[in-house]
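Lettered A, B, C, D, E, F, G and H in written order, each chain numbered from 1.
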């Protein structure tokens, strides 16, 4: 019979079953290749975001003019990161973002950390998820499929990447570590206002995370412990500032705060 | 005084200390960038090696002619992998291989697995570390530093990548998993010789690893359990072949082995 | 927007997300229940007397697939369609189960491999992601592999039931399937593990065919069937 | 070559490797012993009476560095020089310790940051990898950071000893060091963690300076020192 | 009440609690001993000569269940009955073991599935929680599943002993059991994991039956049995 | 009764059990939400301006405890009371949290250690197990230990807020608490681990008091307070 | 000897072993209780009023060490002396605790470091292993390190209590201890980890002394003491 | 005695201790090497051709046990005998391995269970702790269990090699062993875990015997053997 022959002879490579498996092969390989490209992009984003954060820590040097330079440089760096995210967005065009989410989530979280750190330094507020997403809307030349959403007259097309709320949360949780570092550095640099500001800000974030509690995903709860430790360090720093401030004779307070370097009259020093 | 001024004014960016830290920054960044490039190369090598292994499993289809095609295709694939390893070797030129070892060890292990699998299919023996390393000697155009070791007349220069014995061992340990898969497939395809051959070969490798025992690094010991399981599966398969073979009436043995598909006289069948 | 407001917004999002998941979980549970019922119907083919009732059983299973379709229809309404992979883990397991059941029914009916298109039709879903709730290719393949293992059991039990033709036909079928799977490059994931199991199914069926052939039982049933 | 032979060869390699490691471990242990001795010598600077003896102590430490040099010289002979990073973990810790000690001595002597070249010279090793047993930049940096933390202790204890000039000078020094470290892009590794500690050292020293300045004690010692 | 008084009271409470747990642990240990003895008695049915002695062995096991009853009786006196679930973990394991043993005895005697009521009677405990020390349904099911795996071993060994009728009967029984379990919606807990093992038992027994049928050994024993 | 019937009955039982757990989970979720709201209210006492508002905040928290009581009241209706320990794990965590919150409120109001009776009253539950839904002594202790760690934070932040009297009073309180715990013979369990953390809280607060006393700040606020 | 006999013998042996361990555990528990009592007595030295009562407290602690001696005496009878290391883990922890307590009492009494001989005498045990139940050197060192951390607390609290002389004396003592430990080549074990903690104690105490000196508080108490 | 002197003495002691451990480690390493060599010799019995060479292989193994004896003899000299348990962990693993090897040789030679006395003799050590370096009962049992798992492999491979008599004899032997272990009340320790593995070995061997008996292969080889 036909069937018996089949079994012993070579499997007919033109059989419909084999043909469909060839298509599965193609589908799976394309998928895995895309995943791999996204992983690589994510690694690039992570590294560049981390470097931006290091760069931003240099703002807290005593001089103000260099701060602007540094911020400008961080803008350039973050623009580079955005270009990488644009590449992710291109890869995801027409795809389900969540299908490849695991591939790029570490990079995106690190980007959120960097961008929110820069934002805090500039504005002393927490950047919102919406603001971050607004910065991830790209224009690209409308290719053959120019009929995409909101294609503009010049044949340019909008391409948007959406950070998920969870990635945003995880990035902000990591941000608190950087803020803690910034706080300790500020104290070391004789900057008294920043620590109090930071402790206030960190407490707000801490209370926000407490409010969310275990409603969020497990990864968020896991970071809560570190967040609490960072808050503790910042609160301790403020406490130290306050306690030592208590020793200045009241009438000297103004002087000391005005110019820490001016030596105080030795007679009055030992209160 | 000079010092007191320093403290309050901007840190002099031209100070020798700062200058040396700028050089450290450069040195560290270059190092990290290289590490990252190696990680990416390693990932590429892993993926392509894995695909080669899948490809090689297709050899065990009933027809022999297709086997040669597949082997030829695997040669092409492995050549591609070798090009990637060449890139690693280029990155490591003049470097201490062990400084970046962690970056590329997963890829190299997977390559050992693929290349030793191909070797076994072709020659039914275990490829030696020396043979593998011999395949990783590359020629490259002698650049400015044409005075390198063994530069040949045409200005070509030798560039060799050395697989470490540990990576070799770990790759061979993984190979046994593929051999086990090959064994079970062979039984399913009615191939009786391969399983016995494989069980013999696997037992040799198993005894080899037992002999090394805990002398080797921890990663090797960790894989011993899986290796033992694979050996067990292969021994079980041979056992089954043997037990069922025992039921054929002695005078029929020749027939059955000659052509399994020929139906046997029903009267004699039920022994 | 204050920090508190921002976190409130996120909390709202997270709660909504949990609600969606809770809804999905509930529908999935009913789906699992139906899947178990279909399985019970089809399990009877392994019984000595079950081989004659295959058409009936398939018919009954087909009826139950109506329920599956309506339950999946319900599932679709629980989340935005373009976030399929966000919640994929919730239904992945059961979708593989019902794919297996569909593939098994189709095999019992026609001894062919159900296509992804056919499964999609039986389940009332799509093949292409763009078109709506769809059947991921890996889930389809997983379902097919579960069936392969069921077929190796069937080969064994058909012999017990005295029907010697099944093992040979199953053997041909499963060998082709094996050839198909060999074309794939799988990652080290659950699918790969399942595919490793296929080798054992192939081996088991080969053993049954071997047992039959050394006893000369490979011809008869074929003939019997032609009648 | 048979499988057995191949594994025998590898076994030979592995044994040789273990022997090398054993040899290295032994030399490293003597090195640690010397490092502890140097530390004991230098610890006395934290004592109320210790500040006057700094030159003596540094001299004594310099003597002990001879031993260090000869021990490291011994270490170099234990393995092929181009496999430095293969065994790096074995001496990494102690190398950071002796770098710290060298940096501390140099600071006490001249209040400057020891360069990588100077450390290499004190330890009798190289700066560049190509030239032989060398000092990795990360190990150099780690050693410097250990010293920073020792300096914050020194700032505290110098005040106890009644010497008010150290904290200011240390403060200037450590601030510059901090500026230097800020230029680096570190990975999430032990060095990064150590660098995070530097912030606390800076903070501590700043507090000491603050304590002095509100008491008007920042001028005197400077003057005293000039005498 | 002072803090000290309060904590003293709490300490009294905690001590009492630890004493209760200690007492429970001791009784549970004797219970485990008896369970091992019953198991040794019943293990002999797997021996080639054991199949003829099944009635004797069951009788002996029944005797030992008296000890079990008295030991459980002792256990009941160790804690207030409404705190059953507080200490459940202590006896959960052994209770599943003796349930298995009871189920095995009943199967060997009558080839039926022991009911929860019967187990409760054999163990001298209650079915309903409200009435006293009872057998939790999950523990009952776990015990039954342990037996299923013992039966697959029995099927194998009965063939070795030359008794070909057991596998068929066991196969029917275990299939019914499997259908029963398919009615349950088990959570992702230890019980579910154990139930996943049932599939392997079913398959193993089917293969034994297959081995018998392909060799035409399935009818004989039936006849033999009729004698 | 057939196997099928038996398993159908069991399925009914299992479903009911799962429904109970589902119900409990839902109520516990709302309880957790309220607990988080109370926490948010009480967190504000750490703010620089928060110390003056303590009475307000406690009042607001007391209001929210009404919700807690009604939610726990709801919880009680979800299962038979004598199965408390069967489902204990579901509410254990949240019960410890609300105990902490109650203890914190009581401390802020009266600077006393809340008794188990008081917690029970605030939560609308019982102290004695026999009387109904109660507060397990381990859960009470866990809640108290969470508060201890919150108090060490409060000691720090009160100083930052310029109120120097809190640390001394907290120190006395926490020392008493520590003595109390030293009366207990805790097993090697989560509670023991939490108790080990108390030592750090004690030390931390002692250091705050030290910082104040060395600066002569320990008497002033006392006076201030008397006004 | 049959296998059964052999295993019966082994079971006898295993039971005996478990009994020994049970006995040891019980005595160790009473020992832990006494240790906690001594700790409570000694904790009061951290109280503002406690510094005057040191002699009383030490006297009371000395009394309680009688109980310790008799409990350890009891412990000795529970196992053959040459199997000390077989059961070492059971009492290791508590032995370190009572060593700490002995060391603390001796320090409070005479401000000297207790020797191993003294601890052995206080506990009624031996120094040399050959002579009987002895104090392992690692356990002695662990106990001493626990005391070091207690002393850093004492330095802090003595200042709070207005006694400014302790910190200086403690600082000298702890520095000597630190030098002593620097002579040791500790392995990477729990003891090493504990020793790493000593650095923090040293630093903390130095900071207390600093706080006193910068405020000119270091001379007064010295004078006071002379009275 | 000054603190420095005291710590110097302790350092002498610690060094001596570390030297002892170093010495032990070295001997243990050579012992492990010999054990691996014996294993390699005995592994060959799994080869198709290996079954005929069993006597030769056992003879060769016995020779190598001379080396083992001399190495253990060496080991004994490295530490005072009454500190056996202090260093037990160092040789525990290798002692279990050589016990396994001794048990395996004895089984291959005489198909009996090696007694603890015999193992002790083969290894040149004592059974009773009091008499010197001995074989702990737990280590003996662990070695026996390792052999059990090796025997299940042997049963499989003997069939492949065409020798059908081994599995039956191994089955009887292993069942007896299993009964023996059932007499023991093992704690929840590594030994218990290993013993749980014995069940799988028993089952595996029973299935081999089953495969042989259903094919009527259980009598033949017996006859063959008689020749």
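By our rule, a residue touches a chain if its C-beta (ideal position, glycine included) is under 8 Å from a C-beta of that chain, and two chains touch if they have at least 3 such contacts.
If you're wondering where the values come from, they're calculated on a predicted model, not measured in any experiment.
If you take chain A and chain G together, the chains in touch with both are D, F. Think of each touching pair as a link: the shortest run of links from chain B to chain F has 2 of them.
Comparing chain pairs A-D and C-E, the larger number of C-beta contacts belongs to A-D. Spacing of chain C relative to chain G, judged by their CA centroids, is 66 angstrom. Mean C-alpha positions place chain D and chain H at a centre distance of 50 Å. Here the CA centre of chain B is 35 Å from the CA centre of chain C.
Chain contacts: chain C has residues 175, 179, 183-186, 211, 215, 217 touching two or more partner chains. Chain B has residues 4, 7, 11, 32, 61, 207, 211-212, 247, 261, 270 in contact with two or more other chains.
Here the chains touching each other pair up as A-B, A-C, A-D, A-F, B-C, B-D, B-H, C-E, D-G, E-F, E-H, F-G, G-H.
Interface residues of chain E facing chain F in the complex, by the touch rule stated above, are 1, 3-4, 6-8, 10-11, 13-15, 18, 82-86, 88, 113, 115-116, 129-130, 137, 141, 176-177, 179-181, 183-187. Within the complex formed with chain E, the chain H residues making contact are 175, 178-179, 182-183, 185, 203, 206-207, 209-210, 213-214.
Those residues of chain A lying in contact with chain C across their complex are 1, 3-4, 6-7, 11, 15, 17-18, 20-22, 24-25, 27-29, 32, 94, 96-99, 101, 125-126, 128-129, 165, 168-169, 201, 204-205, 207-209, 211-212, 215-216.
Of all residues in chain A, only 4, 7-11, 32, 36, 39-40, 43, 47, 61-63, 66, 261 touch chain B in the complex they form. Within the complex formed with chain H, the residues of chain E that make contact are 29, 32-33, 36, 39-40, 43, 46-47, 153, 156-157, 159-160, 162, 208, 211-212, 215, 217.
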